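What follows is a short report on a single structure.
Here the chain labels run A, B, C and D in written order, and each chain numbers its own residues starting at 1.
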Amino acid sequence: MTIKLFGITREIVGASHIPVPDNQPLKTVADLKTWLYMEYPSLKQLKSIAVAVDQSYAEDHEVLGAAAEVALIPPVSGG
Amino acid sequence: MTIKLFGITREIVGASHIPVPDNQPLKTVADLKTWLYMEYPSLKQLKSIAVAVDQSYAEDHEVLGAAAEVALIPPVSGG
Amino acid sequence: MAMIKIVTHIKLEEAYSYLSCPEAGAINLFIGTVRNNAHGKKVEKLVFEAYEPMALKEMEKLAVLAQQRWHISKLLMLHVVGDKAVGEPVVAIGIASAHRQEAFEATRFLIDELKKTVPIWKKEFYQDGSSWVNAHP
Amino acid sequence: MAMIKIVTHIKLEEAYSYLSCPEAGAINLFIGTVRNNAHGKKVEKLVFEAYEPMALKEMEKLAVLAQQRWHISKLLMLHVVGDKAVGEPVVAIGIASAHRQEAFEATRFLIDELKKTVPIWKKEFYQDGSSWVNAHP
């Protein structure tokens, strides 16, 4: 699985994607967030991070399953 | 004194001005309205008529005095 | 700053250029246009007539009220006179302000008040006649 | 009907032509532009980045909500990506409706919600640095 990054998350990580190692058992959105904050502690400085699964906002309890596309959504600031 | 007419008042009277005979003692806006409704009874069919004195709305009690410009303002419908 | 005019045609680009300015982050532009129907009747055109010097004075009064009430960078009020076909713009109210709330509120105030007090009249033409809008009880 | 796009430039005339239609008497167009200052700092430019496919989906969801809530003839949502100088338009929200109240309310709803949910990010560039807006507590 690969996680798309935008805006400040892209800059913090220094890449536009994070590859998730296959040996990580990330079942839910919450699992993914826990793993991310461990791997990239500087993401904690952000006001919030939402997760989008297949281009829709996903709640913490949602199962990643066979998601085709996962992305981190730092605080939005369009408009 | 001459009274400017617009829109439906112009059409009802059939002219863009009403000349007020010099022998009419029209002191206030109310006097003017009374005289107008007598001379042009069909103006009564309108929802309302306001009077503008020197290009500002004038209340009934206001004195016409040496007004440079008097106009009838039927219900407005701009916009 | 305000641009207040009675015109024969409203040009959108001109309105927008006037409103655009570096200190404003929000521009709200309301355009009233000729609808193809009114009170269930098919409208063919509108004709607008204004008591121009007084209409301009009344619009200026409204502009002053709006500028006292909201922090406004630029204010625009244009109204047409003459014949207008379906779809054509007849009134434009524009506000440029630092933030959007002021732009929305001031635009709404100005168009609501313009319709109440500014001496401009509209005659609707249908297939089978015409009438001065709002004239009769 | 809705026109929803992520673009590199907002063209006002195009937006207005899309919104113009015979059954609408009211067109309200909100344009967000780059302000020359933010939080007391002089802004030199903004850079916008979008998660485009998701941003379009989120905008479409908002359009559906607005169309359920108000009677709307035409709805327009445009947002830019890329570098934008002071004064340039960055977002356009337009509503055409029979009456003006719907146009005002729907425009306001759409820009308020767009700012909350649509995955687009803005980086402000000052003389002495830059920052992603709203990112930190």
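Here is the rule we use: contacts are C-beta pairs under 8 Å (C-beta built on N, C-alpha and C of every residue); 3 or more make two chains touch, one makes a residue touch a chain.
Only a predicted model underlies this, so the values are computations on that prediction, with no experimental measurement involved.
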Query raised in the report: By label order, what chains touch chain A and chain C together?
Result: D
Query raised in the report: So, what's the distance in Å between the C-alpha centres of chain D and chain C?
Result: 23
Query raised in the report: When the centre of a chain is set as the mean of its C-alpha atoms, what distance in Å lies between chain A and chain B?
Result: 72
Query raised in the report: By residue number and range, which residues of chain C touch two or more other chains?
Result: 32, 111
Query raised in the report: Got the chain A residues that touch at least 2 other chains?
Result: none
Report task. Using the contact rule from the top, write out all pairs of chains that touch. Result -> A-D, B-C, C-D
Query raised in the report: Which bits of chain D are touching chain A when the two form their complex?
Result: 32, 48-51, 53-55, 57, 79, 90-91, 111, 114-123, 132-137
Query raised in the report: Across the complex, what residues on chain B touch chain C?
Result: 4, 6-8, 11, 45-47, 52, 55-57, 71, 73-79
Requested in this report: Report the residues of chain C in contact with chain D in the complex, numbered from low to high.
Outcome: 12-13, 16, 20-37, 86-87, 98, 100, 103-104, 107-108, 111
